[in-house]
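The two complexes that follow have chain A in common; it is paired with chain B in the first and with chain C in the second.
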Partner chain A sequence: MAEAKYISRAKLGKWLDELSQQMLVLAPVQEGEAVVFRPYQTGTEIRLDGQPTLPPKEAVFPASEELFAYTYRKNPEDPAQTDVEIGPRAQPQKTLVFGARPCGSRGFVIFDPVYTQGYYLDPYYRARREATIFASVACITPENACFCHSVGSGPGDTAGSDILLTPVDQGYVVEAVTDKGGEMLGSSLLEAAGDKAGKARELRDKVLKDMGEPRDFTSAREKLLAIFDDLDFWEDVSAKCISCGACTYLCPTCYCFNITDESAGMQGSRIRSWDNCMSFQFTLEASGHNPRPTKAHRLRNRVGHKFSYYPELHQGKIACCGCGRCIKHCPMSVDIREIVIRAMEHQTESGEEAGA
Partner chain B sequence: MDIQQFTDKNPYLPELGTIVETVQETHNIMTFRVVLDGDNRMQDFRFEPGQVGQLSVFGTGEATFVINSPPTRKEYLQFSVMRAGEVTTKLHSLSKGDRIGVRAPLGNYFPYESMQGKDILIVGGGIGMAPLRTLLLFMLDNRDDYGRIQLLYGARSPRDMAFSYELPDWLERKDLETVLTIDNEAEGWEHRVGLIPNVLLEMAPTPQNTVAVTCGPPIMIKFTLQALKKLGFEDNQIITTLEKRMKCGIGLCGRCNIGTSYVCVDGPVFSYEQLRALPNEL
Partner chain C sequence: MTFITELKEQIKTALPDLDMVIGWERGFDPLHATPLFMRKAQDVERLEVGPLAVHNTATYLTGFKGKKVGVVVKGCDSRAVIQLLQEGLIDRENVVIFGFPCQGVVDMVKVQKYLGNTGLVREAQIQDSSLKVKVNGEERDLALKDVLADKCARCRYPNAMLHDHFAGQPIEPHAPEDKYQDVEELESLSLEERFKHWEREMHRCIRCYACRNACPMCVCRDHCVAQSRQPQWLTQDDSVREKWMFQVIHAMHLAGRCVECGECQRACPMDIPILALKRKLNREARDLFNYEAGVDPNETAPLLSFKVEEENINERGW
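Let's look at the complex of A and B:
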């Protein structure tokens, strides 16, 4: 890391004013009961004191985005004949996501191998990803539902961030994580951090230590496959679930989507929108057949994807940031930690001890 | 997987084509013959037997269908569509001259290289004949590469039998042994009557140096697999091609996975051996 900087709380607004002259700045603001990322303008009151209700997923992966627009044209010589044209797509603007927690910024570390390193490259995702910079604030207020340290992350995790801020004294120690982040720290409002950098490091270490022993979820990878056919288990752990999908919409790593067409008259758009694997319709086939017909099947896939299939495909990395949003905001208090732990400890029919 | 394109091309953008011909196959199956736009595009378009494409009706959406014409015959790309949902219903309203979006080729293909020199048994049920037709015509166009070719094709009734205009040729050919069957007796039907797995057992093909390729409704597949096992076929001698609800077709949208395998990019063609290694979620 390059030399650490420091900015006082009093000057933070001015710095954001400067930055928002150069690019779109998205920052957490209170909106009703939720804290969500919205464009920053001079005077916007930002909330850095807790985990935002939503992760900054929309900055790179909008809840709904146009893939392309199309126009039908009737042939004036032969009205029965129509032609169709496909329009160009817009380029994203440079964006700074300011004030996410590391667990929110980390989500794209899970997206990246799928969207930019698979068989196909997703051009919409890549363009936004490259145009977006993340300045995250190290977490000093882990909550009961948090388990970032158990999934390879932590309250001071820099994966997915370009800049890390750590609250120290009456301001923030500001450290560049990437070159892209380093280029953002030229403002004269930032001063040398001096010994505050050491304080920041100590604080991050202390917060991590106070979270207690991390839980090792490694054995879930094989165990979840071993109990795949144990539908009694899945029915039991999904009994409370009402398939509302709040978990998927709040998740920094959930990347499933739907594609639909929206038309008005002779023109329209093909739209990509976040989708929800907890819905019956998600895998329903036109024939009426559904490979995941009950919530037990669907929860099995959601947990399996995050703790088994994804790690199997991507060097053991768990597709979960441990942010706990799905736990905190579930109307029925379904707890994914509990499900994975129960799976790891579940006795298989042969009596074999789980996950040992 | 080597056929797939690792380019910067936008994989969501369909290319445009024109429907040059439609064929009403059965009361609910319609075939579309599509020519892609652009000079030499059809000659340049490369695909392998068993690969699929997404057809777009702009304003309604996309759905996945196998390209059921073989790469050896490229005057047009053929798709046979059973009316079942929103997109397929809209497709059935299209006619010659209409413009359509195509994203193809997608997915893997029948392992025809490793099938060379072997006897081939094709077992198709209903619309499941579509992908098998591609393979069958491809093999007939490369006839010397394969041994004996047997085809068992079944449908509920004669009126449910797609590709009926080709059946006389398939029955007549000396280099193809064709058995047709329907579920129940029907007036004027001169072929077998009986469920596909039962007729298959009566045919009693030998597994020696043979590859069986099957596709059809899930229940037919289930009992056909049992029949093939009874006849002595090993798991790695049986090949099938799967269907799942798909949206993106490029391994991202998260619908069609069976555990770690994505039917759209790792399939749709799987050997029974590969399928048995996956979680049971068909």
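Let's look at the complex of A and C:
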């Protein structure tokens, strides 16, 4: 990391005012008792003291994004012939996501290999990703649902962030993680951090230590495959799931989408929107057949994808940031940690450990 | 014998003839309970009943068609069972109801409001009229009445209204009548203010449909019009208009059927106050048809029946 800077809480608003002159700034704002990312304007009251209800996923991967608009036109000479005119693609504006937790910003590290590498490149995702900068706030208030340290992350994780802020004294130590982040720290409102940088490091280490021993989920990769067909197991662990999409929509790493044409008369929009594998429609085929007909099949996919299939394809990396949103906001308190652990400890009927 | 010991005995006795009994156990932390599906006698030991047992167990019943299922119910949960029976959505002979007197359930949003960030909760206990929480190493004492759900403060049916077994002694209603004060407050706003209110609240909806899936009376589940493309009622555009449209559909489908268990609002991860919509329609059903959902299994919901001449609707007067 480059030289650390420091900004007092009192000056933070001024800094955001400056930044919001240069680009769109998204910051956590309270609505009801929920905290969501909204465009910052001078005077916006921001909440940096806890984990936002939503991760900053929408900054790069909107819940609903118009890919393009289209208009059908009939040829007056030959009414049987219809032409379609496709509107221009919107270009994303430069955006700063300010105040996400490391577990929120890290989500895009999981997205990237899927949408920006390999044969299939997603131009919409890539354009937004390149236009977005993440200034995350290190976490000093882990909660009961948190397990970032068990999935290769931690309360001071910098993966996915361009800048890391750590609350120290009456302000924040501000450190650049990437060059893109470094360019943002030129403001005269920031001063040299001096010995505060050391304090920040100590604090981050302490918070991580206080989270206790991490769980090792490595063996889940094979165990989950081994019990794939054990539907009794999956029915048991999914019994309380109500098949809503709260877990997936609040998840920093869930990247599945749907594409629909929403037409009215001769005009319409092609929309890309969040999809979720808890929904019956997710795998519903045109014939009416559904390979994942029950919630047991669907929850199996969610857990398997994060802890087995994704790691299999991406150098063992678990597709979960351990933010715990799917646990703490689940209406029924389904606990993904418990399911993975039960899978790892599951004995097959013959008494052998699954996957052994 | 405390009522919970009595309840556990009742369940253990009935369990051999049942596929399972649905209740609650401790969840991922001391503040959260989670639904428990008891299949063996030893599972019953994990049963926990009290103000943290917030979930409506009746929500699961329609998912167990053909099975013999026991269900542990609070007063409001029992109203959902009654309404499901009334509509023929479950069979009486396949459900065994275990009732108990409910002193009210905790609203986790209120707890969060009092505690600030919940942080690391190490202990949570209900003692008399308070909720004692040990959070971030600090002891916090919250008055139970401050953190109980709003529905409990106006509850007239704290005891299971229909039951095969009842543990403990029935208690007095928490309120003599429901004045629909929340609905009145909303209605006192001008049309424009009300519109702004819902625009503001619905804006943050993420369309996860937790409200729908947590609802015991939302039985279409996988075949809901919200996601159907043929016919297509909603688009995938995430405008307030689309989100609001679903809430209106939900409320209309529940008119005179909603038992006001509040699961829709509790399940909402975005804290959107959507119960008020259903309560508005319920009050209309009450005023027009003198009807209250989930009270009598032999009644018929007003919108599922027909009368040539309604008593409170002056059909020929205009």
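Definition applied: the second predicted complex is superposed on the first by the 352 of 356 C-alpha atoms of A that agree within 3 Å, B and C clash if a C-alpha of one lies under 4 Å from a C-alpha of the other, contacts with A are read in each partner's own complex, and residues count from 1 in each chain.
In this section, a contact is a pair of C-beta atoms (placed from the backbone, for glycine too) under 8 Å apart; a residue touches a chain by one contact, two chains touch by 3 or more.
All values reported here derive from a predicted model rather than from experimental measurement.
Once the two complexes are overlaid through chain A, chain B and chain C fit side by side, free of any clash as defined at the top of the document.
Of the two partner chains placed around the shared chain by superposition, chain B and chain C are both touched by A:N258. Touch criterion met: A:V36 reaches chain C, while chain B stays clear of it. In the superposition on chain A, A:G304 makes contact with chain B only, while chain C stays out of contact range.
By the touch criterion defined above, A:L67 lies against chain B but remains apart from chain C after alignment on the C-alpha atoms of chain A.
In the superposition on chain A, A:K11 contacts neither chain B nor chain C. Of the two partner chains, neither chain B nor chain C is touched by A:R215.
Residue contacts after overlaying the shared chain place A:H314 against neither chain B nor chain C. In the superposed pair of complexes, A:R201 makes contact with neither chain B nor chain C. Measuring only between alpha carbons, the smallest separation of chain B from chain C in this overlay is 7 Å. Overlap of the chain B and chain C interfaces on chain A: residues 258, 260. Residue ranges of chain C in contact with chain A, taken from their complex: 27-29, 31-35, 37, 55, 59-60, 109, 112-113, 116-121, 136, 200-201, 203-204, 206-210, 212-214, 221-223, 227, 229, 235-238, 263, 266-267, 269-273. Listing the residues of chain B that touch chain A in their complex gives 1, 4-6, 8, 10-14, 16, 58-63, 84-85, 88, 97-99, 101, 218, 243-245, 247-248, 250-260, 265, 279-282.
Taken together, the chain A residues at the contact with chain B in this complex read 67-68, 70, 72, 80-84, 86, 89, 114-115, 118-124, 225, 228-229, 255-261, 263, 268, 270, 272, 275, 277, 282-287, 289, 291-292, 297, 301, 304-305, 308-309, 312-313.
Interface residues of chain A facing chain C in the complex, by the touch rule stated above, are 31-34, 36, 49-51, 53-54, 62-64, 141-145, 236, 239-240, 242-246, 248-250, 258, 260, 262, 269, 271, 273-274, 276, 279-281, 327-329, 331-335, 337-338.
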